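See structure below.
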Amino acid sequence: MDIATLGNMLNTAFVFSTALILAALGGILSERSGVVNIGLEGLMTAGAFASAVSAFRAEEAGYGAASPWIGLIAGALFGVLFALIHAVATITFRADQVVSGIVINFIATGSTLYLVKQLFDGAGETSLVDETFHKWEIPGLSEIPIIGDGIFNAYPTTYLAIILVGIVFYVLYKSTFGLRLRAVGEHPSAADTVGIKVLRMRYTAVLLSGLLAGMGGATIALTTTGTFSHNTISGQGFIALAAVIFGKWNPLGAMGAAVFFGFAQSINNVLQLFDFSSHIPSEFIYMLPYVLTILVLVGAVGRSRAPGALGEPYYQGKR
Amino acid sequence: MNKLIKAFTKDSAVVPLIAILLGLIVGAVIMWLGGYDPILAYRSLFEKVFSNPYDFGETLTAITPLVFTGLSVAFAFRTGLFNIGAEGQYIMGMTGATFVGVNLHMPWYIHAPMAIVVGTLVGGIWGMIAGYLKAARGVNEVITTIMLNWIALHLSNYVVRRFLLEEGKGRSYIVDENAQVTIGWLSRLLDDARVHWGMFFALLAVIFVYAFLFRTKQGYELRVVGSNADAAQYAGINVNAGIVKAMFISGALAGMAGVFQVLGVFMNQAIAAGTTGHGFDGIAVALLGGNNPIGVLLGAILFGTLSYGAAGMSFGADVPPEIIRIVIGSVIFFVAAPGIIRWGMKKFKRKPSKGEAV
Amino acid sequence: ACGSKNDNNNNGAASPSASPTASASASPSASADTSGKDFKFAMVTDVGGVNDKSFNQSAWEGLQRLEKEHGATVDYLESKEATNYLTNINQFVREKYNLTWGIGFLMGDAVKDAATKNPDAQLAIIDNVVEAPNVASITFAENEGSFLVGVVAGLMTKTNKIGFVGGIDIPVIKRFDLGFEAGVKAVNPNAEINKIYTGAFDKADLGKAAAASIYNDGADIIFHAAGGTGNGVFNEAKERNKSAAADKKVWVIGVDKDQSLEFGDDVTLTSMMKRVDEAVYSVSKQMIDGSFPAGKITTLGLKDNAVGLPDTSSKNVPADILAKVEEYKQKIISGEITVPTAQ
Amino acid sequence: MEQARTVVEMRNITKRFPGIVANDNVTFTLGKGEIHALLGENGAGKSTLMNILFGLYQPEEGEIFVNGQKVDIDGPNKAIKLGIGMVHQHFKLVHPFTVTENIILGSEPKKWMGLAIDRKLAYEKVGQLSKQYGLNIDPYAKIDDISVGMQQRVEILKTLYRGADILIFDEPTAVLTPQEIAELLVIMRNLVQQGKSIILITHKLKEIIAIADKVTIVRRGKVIDSLPVAGTNPNMLAEKMVGREVSLKFDKKDAVIGDPVLEVDRLVMKGRGGLHALNETSFVLRRGEILGIAGVEGNGQSELIEALTGLRSVSGGSIKLAGEEIAGKPTRKISEAGLSLIPEDRHKHGLVLDFPVRENMVLETYYQAPYTKGGFLNFPEIEKHAERLVKEFDVRTPSIMSEARALSGGNQQKAIIAREVDKNPEVLIAAQPTRGLDVGAIEFIHKRLVEQRNMGKAVLLVSYELDEIMQLSDRIAVIYEGRIVGEVKPSDTNDQQLGMMMTDYKAPQGGPEN
């Protein structure tokens, strides 16, 4: 394996993991505020759907290269819409957070497909978006060996995801908002007694998680598939959830986990290009990313500690 | 009898009924907005399920695996574990049963039971892996079960291809007749619907899970572990063993879903491109049923009926069957957030009294 | 989709290999717009759904044509999971549809079951063989068509590296794979072929990653037989062509339909067409005409024009290469070349 | 002391919870510079009243005046604005955060136009405040790593940081060591001198006498009396509070001491950071005696209990229960061999809060006959058992089917004690058995422990409360840094001497007991 291959693998890993990173960031914000978000899959689905439709419509309307950006924004907003359902159910009505998340997954897959059929004359797939995102090569930086190929020649959404990791990290650990958010997720009544509006914080966090996961879904539609259909999002949301836990609810950790997973996927492709791979049953190659993930978890990372109040609805003393 | 009436007029019974009604209304509104005829759609749905013996029988067949996976998830929940891996355990259970069903040849009274037992054990072991990793290494079971789902998919494809493949068919050989668990007479009675013994095993499983969890000492132990692991440890209960045991049972239940699908419905195992969704649907069923075995049964019946009837809806009223997922989602939503219904009920009840006051 | 080759195919597909009823089908669909008005045709999709941009969709187009041209009643049901195959077929059988299609390899057992239990019903299946007196089995010689796109690839590669992205390693896909490889080797024995099976038909992200690996390894043409996973292959190629220099241009060879219509001819070199629509149309038409090939296996290959390259290929493939393709086509039809296949 | 101005006046407050009137027409006034104690049984409604003053609950009826102004306290924010601060019964601290982060939470100093927290300034400010009030806390420490006493100071600092003039302390001393209590009392006096007014909820009559100016007594949601502390005595207060006579001191018979039943020999257990949590701990417990383990929290008491019960493995030494080695054996085996534990944390370790009382009563014996027959639980027997215990130990619960969560703290504790005592153990370990309980409940529990000892059983009492230790123990062993540093008889010692031994080893004249 030469250096170029390594760079290419890293590149594939980042492309693959962009959506996972974004969705995982969403998951982190929501869960750090104490709200379990098992609905990431559904939020991604909503985002992918809205982005494919809007980008296509924008392209039709002649927005050209702005179309994918319009799609990205639409995806984010649609994610927020579905996250709102989760927020209302779990925060205002104190529904079980896991249940509500599963409901989001159900309603998102059902309603987006239904809408696709409504919008595209009964077709099960949106029309292909031609104006998708293109890779941006960062001049200069892309010359660096390995990471030049690996990171600095990527989709704008990948850069966006990496920047957002930084922003979310900063917000969580350096800003007042982050301190309060984490307090709400660890010990809501402690936050309440110092005058923090617990429910408002949780609403904000859950809606942001919709925004980010929606964006994550959108990146898949706008860089990988170009369309939205019933299988555009198939399991990525759950992998993102795994990345949240794997990364110990820390943005950098989650990014590491997502990229690791993407890297394992690209190893599995590169492996098939070698001759010796013909002796390995292909199924074992497909398993590789998942097996590696488990091995890494078993070997390196110990128990991860969830936010203290994760999953608990907050009652401010019953009336 | 009085008790029964009371049970049904209690808040806890009214709420789910209202939830179902509201879910159907949400679906109706969406259909209506989309220009479809909701009345016709629902009529087609229920006609599909109840108007002829064949479809009725097939509906029962559709409900059966949901009972198992629903129980699997609910059981794990009760013991404090979130098993997202019913999907993988289902596949592994299926593979185990297919292996025995295809590769061994024995009289029926050994073959079928053996296929069932082996499949169930394989499913259980698959669940146990996640349990073991949690107990011994502290790895969160949510991640491992997600990963194990994918591993199970590919592993079973490998097993089918390597050991069971019927050349050119893309699937295993048909399992021996002696390993099949169809019910011939009932099937004939129901116009050849693929009814099988799994249905009765599902009912037994409901009773088993109920009795095990709430009536046996082992079930008690697992519930203590699930509800307060620290207290369990103080009480001298082996928490780690409990986790492994619980995941084994949960996996075995999900495995049985796969076992009966192959021995009762498909008779062979295809090389699969993706997961079936039965495991994930099991989460929904468990939640519909409030993680209570009886609730799971009712939840599976509701879920299975609606899903199976969805084909009738698209056949009879040209409504996209996706709408049913929205309906099911809404029902779960309203079941899960009884606050919404209670809140609505209160408003509803209060109105007349206000009127009186004026 | 493309109606340019209608006449051609109509004849071709309507002359099944050993059918004694060939004469009946010779009466063309010229007039008789309502000849099918008493007929009800239906199809059941596999889990891909009717808009899979692949054989399900193609099959449905065939049925729709039947409705348009002959006034037949047509309908379909989508299967959400494998258990639905049989129940969906039975829905139509019970409603006394004249002919019910099972679309796709996976439907084999279900069609067999329905046919055995309902000897009066007529059924047909695509991509699989069901031995029953009331079932028409239609399969395609994908290896033959793939051989021809292999010829194109072998002759047009500049890097002498070619890729293949498969869905799951099953016999149908293996036929694409082996035929393609044989075609490449026939014209360019030195070319290296890199194959990746993604293990899925519905994961564009895996297709994209696989294509990236192959292109990174130096290949300039990828043939995909991976359904929706192939979308990722196209997107990767498009992406590369947007930024890369002209001499680094990469190509994709599409599958099942003329994929240049969807993904554009700046990335689609050509496609290995599989005329499921034609097959469904013509065999259903035979039912109207009273010559339904019940109990027969019809293998549609190059000689039936049921597989092969679309006309649009001339856009990107030079005439001399197309001539070469035609040459090999004749050799295959005549039996001079036997293309390897898979069971 | 100045008693002039009224700073808080709560008039005719009524607060109802489903099925109970927690505050029934309560009127309460707090004067400036006053320390005003609130006294009442568990569940009398003290916390509820204070939660109303702090804006956490809204009363159904009544008015509140702060500094003469009628106010509507609709949330903690409003309370904070009015200069009210509260140190809650259950601390409201975010454990993974540092001391400073907890203190500034909600009113953080900012920099970069509000984009970031000015941590430097925050740490400085907290350090300064700590010094100003003599609280002596490390602003950088994580809450997880500091003692309960320190945590409480963080709570106090939280209110001071927000500029509170009216401080509410809800059972501040329940979790403190004697030293910490003494220090807290100093701090409170200090605060009053700086112009603050304090409301103090406590079950410890001694403290009220020691520090409060006024006391208001609440029973079942109603105010029974409000009077100056001067001229009262503990017995009188207890009587008013419970509504009957309470014996604060009871007479124990002399101990009839028998054979050694628990012999702990040079027990070693590794702790955090390479230190030994248990460092060659040795002692002997005999039948018919109560041995009190006195010590400041964090000197190995928890580890000792975990070692004795098999919850954690030891790295050296031996534990003999009735002659049998039990070190390293699983918890269940030890329990079967005759050792019972009343754990310190009843919610976390003692009960399954979501289970009915019925099931909690067999938490350790469920698998034995007659509660299990052929693998199945025998509910009639379990119920009989639960009914009997509930009756014998006066556990007040609507029914044995009520969830343990629904019981008050005192009754939860009684349920645990009933369960453990009924196992008829050779050795009963009682860890903090009366923490947070009212005098009535304490009296009941103490009686039960002495009863065990009188029956010839051995009781190991681990408590941070010197009063409790002095009152109950036949012998006191002092633990310091994981080692028993001395043994004394209660009659031969006093608080000061014990306190000295607990903080640093100074050989007492008595020496190890004969």
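Going by the order they are written in, the chains are A, B, C and D; count residues from 1 in each one.
Going forward, a contact is a pair of C-beta atoms (placed from the backbone, for glycine too) under 8 Å apart; a residue touches a chain by one contact, two chains touch by 3 or more.
As the structure is a computational prediction, the values presented were derived from the model and not from experiment.
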* Look at the interfaces A-C and A-D and say which one is made up of more C-beta pairs in contact. => A-C
* Whole-Å separation of chain centres (CA-atom averages), chain A against chain C -> 36
* Could you put a whole-Å number on the gap between the CA centroids of chain A and chain D? => 45
* **Cα-centroid distance, chain A relative to chain B, in whole angstrom** => 28
* To do: Please compute the C-alpha centroid of chain C, do the same for chain D, then give the distance between them in whole Å.
  => 77
* To do: Could you list which residues of chain D touch at least two other chains?
  => none
* Asked: Residue numbers in chain A touching 2 or more other chains?
  -> 231, 234, 283, 286
* **Multi-partner residues of chain C (at least 2 other chains)** => 78, 169, 199, 202
* **Interchain contacts, given as pairs of chains that touch** => A-B, A-C, A-D, B-C, B-D
* For chain B, which residues count as touching chain D in their complex? -> 211, 215-218, 220-221, 223-224, 227-228, 230-238
* List of chain D residues in touch with chain A within their complex -> 17-18, 51, 54, 56-58, 75-77, 80, 86, 88, 92-97, 101-102, 104-108, 110, 114-117, 158, 162
* Structure fact -> Within the complex, chain B is touched by chain A residues 85, 89, 92-96, 98-100, 102-107, 109-111, 113-114, 117-118, 231, 234-235, 238-239, 241-242, 245-246, 281, 283-284, 286-287, 289-291, 293-294, 297-298, 301-304
* In the complex, go through chain B and note every residue touching chain A. => 30, 34, 82, 84, 133, 137-140, 142-144, 146-148, 150-151, 154-155, 157-158, 161-162, 274, 280, 283-284, 287, 320, 322-326, 328-330, 332-333, 335-340, 343
* Can you list the chain C residues touching chain A in their complex? -> 49-53, 78, 169, 194-197, 199, 202-206, 208-210, 212-214, 216-217, 228, 231-232, 234-235, 238-239, 242-243, 262-264
